[in-house]
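First chain written, first letter: the chains are A, B, C and D, and each begins at residue 1.
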Amino acid sequence: MKKLLTCLLVLVLAFSLFASGAEEKSNDGPIKIGSIMDLTGGASNMGRPHSWGVEYAIKKVNEAGGINGRQIELYTQDCKNDITEGLNAYHKLVDEIGVCAIIGPALSNPASAWVDLSAEDKIPIVGHFMDEVCTTNPDTGAVYPYMFLAEPSCSVQSYDMAAYALAELGLKKYAVLYNPSNAFAKAHAEPFIAYVKENGGEVTAVETMGWADRDYSAQAIKITNSGAEAVFLCDYLAQNLISYDALRDAGFKGAILGANTLAPPLADQVKNDVYDVYFLQNYDMLNPNVGIINELVFSEMAATGTESPQCNVGFAWDAVQVLVEAMKKAKDPTDGEEVAKLLEQTTGVLLSSGDTISIDPATHRPNNMGMYIATYDENHNMVICGREDIY
Amino acid sequence: MEKCDNKNLILSCKDLCMNFGGVKAVDNLNMDVPEGITIGIIGPNGAGKTTIYNVFSRIYKQTSGTVSFNGQCVDAMDQVSVARMGLARTFQNIRLFAGLSVLDNVKVSLDYAGKYTIAEAVFHLPRRRKEERRIADKAKETLKLLNLDSYSDKMAISLPYGLQKMVEIARALVTEPKLLMLDEPAAGLNPEEVLQLVDFLKEIKNLYPGLSILVIEHRMDLVMNLCDYIYVQNFGETIAKGTPSEIQTNPTVLAAYLGEEDNE
Amino acid sequence: MFLQLLFNGISLGAVYALIAVGFAIVFSVLKFSNFAHGGMISICAYIGFFFQKTVKPTPPIWVTILFTSLCGIVMSLFLDRIVYASIRRNKSPKNYYFLSSLTISIIITAILNVFFSKNPLAYPMLFSSTTFNVGNIRISRMDTMILIVSVVLLVLLIFLIDKTKVGLAMRAVSIDPETSKLMGINSNFIILMTFSLAGILAGVSGVLLGCKYGVFPDLGQSMMIKGFIASVIGGLGSLGGAIAAAFLLGIIEMFWTYVMGSLSTPVMTFVVMLLFLFIRPQGISGRFAKEKV
Amino acid sequence: MNNYQLGLIMNSCISVIEVVSVFIITSLAGMFSLGQAAFMTISAYLTFVLAKMLHLPIILTAAIGLGMSGLCAYIIAVPTLRLRKDYFTLITMGFGEMMASIVVMLEKYTKGSIGFSSIPKVKSIFWIIVATTIAVIFFAWQLKRSRFGRMCIALKTDETAAKSFGIDVYHLKIKVYVIASCISGLAGILYGLKNRVITPDGFSWNLSAEMQIFLFFGGTNSLTGAVISAFGLKLLPEMLRNLTLFGVNMQEYRTVIYCLLILLVINFRPEGMLGDKEMSPSRMVRAMKRRLKREKS
């Protein structure tokens, strides 16, 4: 038995020898910022444009002189939309490389593991994990001091869509089809249902599906028979495609509402013809004279060869702006505590969408960002058709 | 069978039949195995000899008839409980445990009766150490008795064929069973190894006087000078039984083995 | 309503049948469940998609299916050569098949994720309008096509297995590979034959699933578990059983989702599998499952 | 040793515990289970959900969690072990799939896919994990050398022969499976304590497959092989995190490299790195001496 223990200890020591120690945070050299993205795994189709956006934004900030003259070094780590990988990435950046702030990923699973760590290590994390669990403690409601969201949270987005449907489209009966084992979908579906019920709407059917399911015709038939006038879809694009076709195949003629995952290329990939589709959009991407989102999105498409505009590029740019503005105001940009305090009072930071963002100190989430509502015209182009500012 | 009456019967079966579909592997066999007696079962291949073993050791449930072991009826028992009552056997093709050394192979047959629980085993408590030493000593003693102890640490399957046969017998003997069933122990051995085996079995008979042995074998030299009593099976039927000398002169046995004379 | 659900259940069953038979064929001859079948389906879906897109006069769908089946055969044989052949050669235990097929399926998904992690791709439109009505049942053209193709394919397969000499040899090898070798059946050829059939099935189901559900990296994986359970319920290794079980599973799942919602479907499938394994361990029409001495 | 390296060592230790539990099931008793991640889910969720809802100390609810894992293992094993070996694998796989959806169904308590994050912070979690790992290795080492280990190896190689030596194969297999599943549950609890967030797809079907692959890679019958391969293979993706080959950051290809490595072993060293040998320092020294003697002669 002793022999085996020596074996294990030898391994541990050998491992620790070659791993380099953490550099101290110097106060005049380059500023190290970390970025944790889903480069691989289930959500890599959102993570990759997001990561590209962060690099592009940091390059632009460095070209413009960096933070008060100090250049920014960006270190990107992959978290594979998995908690253990997320923690490895976090500790790698904080303890190994010694970054002083982190740009977070688009999805919330890994982020929920950093809420307390960020407070202990005093590392502000600005991200797009729209789930409230990542910025405020679900049990006590207290805000996590170092976690910041630079985009309207899931519930705010769902409220916007529900408000638009109730007010503008005047629809009364709603149904929801979502995958409860997908955190993104669950975080959108539940607020939507709550808002509809509180504001005079009626929820006629709530149908679910699982990761392994591919055929949603039973759910589609149930929804059609429930007499719903509109269905809310909020999964990833792959599932939304199947749900849309299943609903149209089952004879559902009503409106189909969605989160930002109903955006292009949905229209040209579904089999049925596309009508009455309304979905949320953070940006008016196709309109060149609103902010710089248009230029951002198309340069990403040119650089990486994606066929359709990806709003994640805008998210990444905004997160970098919010962080960089706070760091510019701070006496010592590498002091996490000071930067976090400044992040809490972020107001008037210009975003890629053209309007400004201000973060509510009580929730660390933006309190002035509305959402566009978009739809598809007859030849499947995305057209902005509304704006909701409910928060 | 008068010779056996004075000793109690270890194993006896009445009108034992075992058929697979139409084939009568065993056709109402009546056999009594008294204590300390070596009985040989001979007969051409496919006469159902191994099936008899499989029924005795309860691997198969017989179609009809009864089997009793040590005076107790075992028809309803399963293989494990009969083995625990003291019935040990070897197999036609060697089935030593590949992953274990010779010593461990022999220890395995003592293990089921080990007097310590998993908890004691895992936390290395004194009862486990004491029990392990007892098992180890018993196994080493049996191996020394059969002068196989020099091979204890070698992997069982790395030994030459003849030695593996002896280890398999040693593994069966270590729990001092009441009945040892040998299934063609001499199969695949060269003549010199057969002689070694005969001495080995004779040695066992002196060391374990109370042990009764059943042997299935084709080598007549081994059967004739080892067994006290012989059953001859042919197509599942017992065509003859008696002492070796009676069997050698019995006409039906000769016919079954050497084929009919032309003149009949 | 009942008829509509029944029809949808049957068309779902057809999809499961294609996958379950892919498992059953390999299991019947080689006694292991080929988890890599899911990965093969995903690759074939991508091959079919790019074939359909790149070939300028867009070919009719059955040409794509033909081409993808050929690629399926090539890949299947290649897979057998690099992975399973060595296991057969050194007679390693059955677990090695499980493990290597698991590793292959993980590799395939990882590679597809690296290259095609962009948004899902969709086969161009096959039919002008997606559904037509028969009485009050809305039948989707895609489902009917899948139903027809899979029924035709399965009938051909069963015909091949039961009636032809090759089929007889395959059944012999599946019962006892050693003796059939002695009888002069060239086992290697039969194994190649089995894997090519599995390749064809992967190709066909790849294209059909791609058309119906869109093409994305873990298309094959996600359907694999259901197809696998169908092949178990059908009796490991029996084609007829696998097909019957697949349709049964499709219909039960359709009604169960309608009545109880889809959350509890995996629980239901597991319970159905348990029930079958205890009431009829050898499955709907498989051989007896107890270990022989 | 900064937190990053401590975190990696903790991950590897948890992976070692998982692989030891699979070692006991597959290498010792010859059963092939593809659902061990389900027991991690049961123990982890029961421990932390009960601890939060009933405000009980973690130690108590951890015992309940492990007990529940053992009970579920018993319920699965009793009916299934009579059937053919393949069926045991299929049932455990089905059980794994079912457990993930049960957690999502009970989302009122387990918060479903959002992940259960109200797990208290435990001081010196690193030493707890390392100590438990060493205890589990000691546990498996003693089990293998005790009579139970011998009986398991006997029944693994030849069940009929084992039965004819009085080994009650059926009940021993059940006992071994229940104990191994409790160890898997323990790994689940430690995973929860370390990450402080548990999600249903954290303990997925791939994790069960990964445990089997690690064991297989280390050596089908060698405990030291299994421990070293679990420790090493869990570190490998992290090592590849900052390696750049031919100018391409290996981060994206980690899974591919990792699986190719395993395929190489399957083809060219079927019995795993260490096969049956229990590598230990004294044995290595002896082997060295033998080799020196051979070179001299």
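Going forward, contacts are C-beta pairs under 8 Å (C-beta built on N, C-alpha and C of every residue); 3 or more make two chains touch, one makes a residue touch a chain.
Please read these numbers as outputs of a predicted model, since none were measured by experiment.
Could you name the chain whose CA centroid falls nearest to the centroid of all protein CA atoms?
Answer by centroid distance: D.
Where centres are the averaged C-alpha coordinates, which chain has the largest centre distance to subunit A?
Result for the farthest chain: B.
Between chain pairs C-D and B-D, which one is joined by a greater number of C-beta pairs in contact?
More contacting C-beta pairs are found at C-D.
So the centre of each chain is just the mean of its C-alpha atoms; given that, what is the distance between subunit A and subunit B in Å?
About 74 Å separates the centre of subunit A from that of subunit B.
As a quick test, compute the distance in whole Å between the mean CA positions of subunit C and subunit D.
30
Calculate how many whole Å lie between the centre of subunit B and the centre of subunit C, each centre taken as the average of the chain's C-alpha atoms.
Spacing between the chain centres: roughly 50 Å.
State, to the nearest whole Å, the distance from the C-alpha centre of subunit B to the C-alpha centre of subunit D.
The computed centroid separation for subunit B versus subunit D comes out at 41 Å.
What residues in subunit B touch two or more of the other chains?
Within subunit B, residues 59 contact more than one other chain.
Check each residue of subunit D and list the ones that touch at least two other chains.
Counting only residues that touch two or more other chains, subunit D contributes 97, 100-101, 104, 142, 160, 252, 255.
Any chance you could list the residues of subunit A touching two or more other chains?
40, 180, 210-212
Can you list the residues on subunit C that touch subunit A in the complex?
1, 4-5, 8, 12, 15, 110, 113-114, 117-122, 125, 130-131, 138, 140, 142, 209, 212-214, 216, 222-223, 225-226, 254-255, 257-258, 261-263, 265-266
Under the touch definition given earlier, write down the residues of subunit A that touch subunit C in their complex.
Interface residues on the subunit A side: 40-41, 44-45, 48, 180, 207-219, 221-222, 225, 237-238, 241-242, 245, 248-251, 265, 268-272, 306-308.
Please give the residue numbers of subunit D that touch subunit C in the complex, ascending.
Answer in residue numbers: 26, 32, 34, 79-80, 83-87, 89-91, 94-95, 97-98, 100-102, 104-105, 159-160, 205-206, 209, 212-213, 216, 252-253, 255-256, 259-260, 262-263, 266-268, 270-271.
List the residues on subunit D that touch subunit A in their complex, please.
1-5, 7-9, 11, 97, 100-101, 104, 107, 111-115, 117-118, 121, 133-134, 137-138, 141-142, 191, 195-202, 223-224, 227-228, 231-232, 235, 238, 241-242, 251-252, 254-255, 279-283
Taking the touch rule as given, give the residues of subunit C at its contact with subunit D in the complex, in rising order.
Where subunit C meets subunit D, its residues are 33, 82-83, 86-87, 90, 92, 94-96, 98-100, 102-104, 106-107, 110-111, 114, 225, 228-229, 232, 236, 263-267, 269-270, 273-274, 277-278, 281, 289-291, 293.
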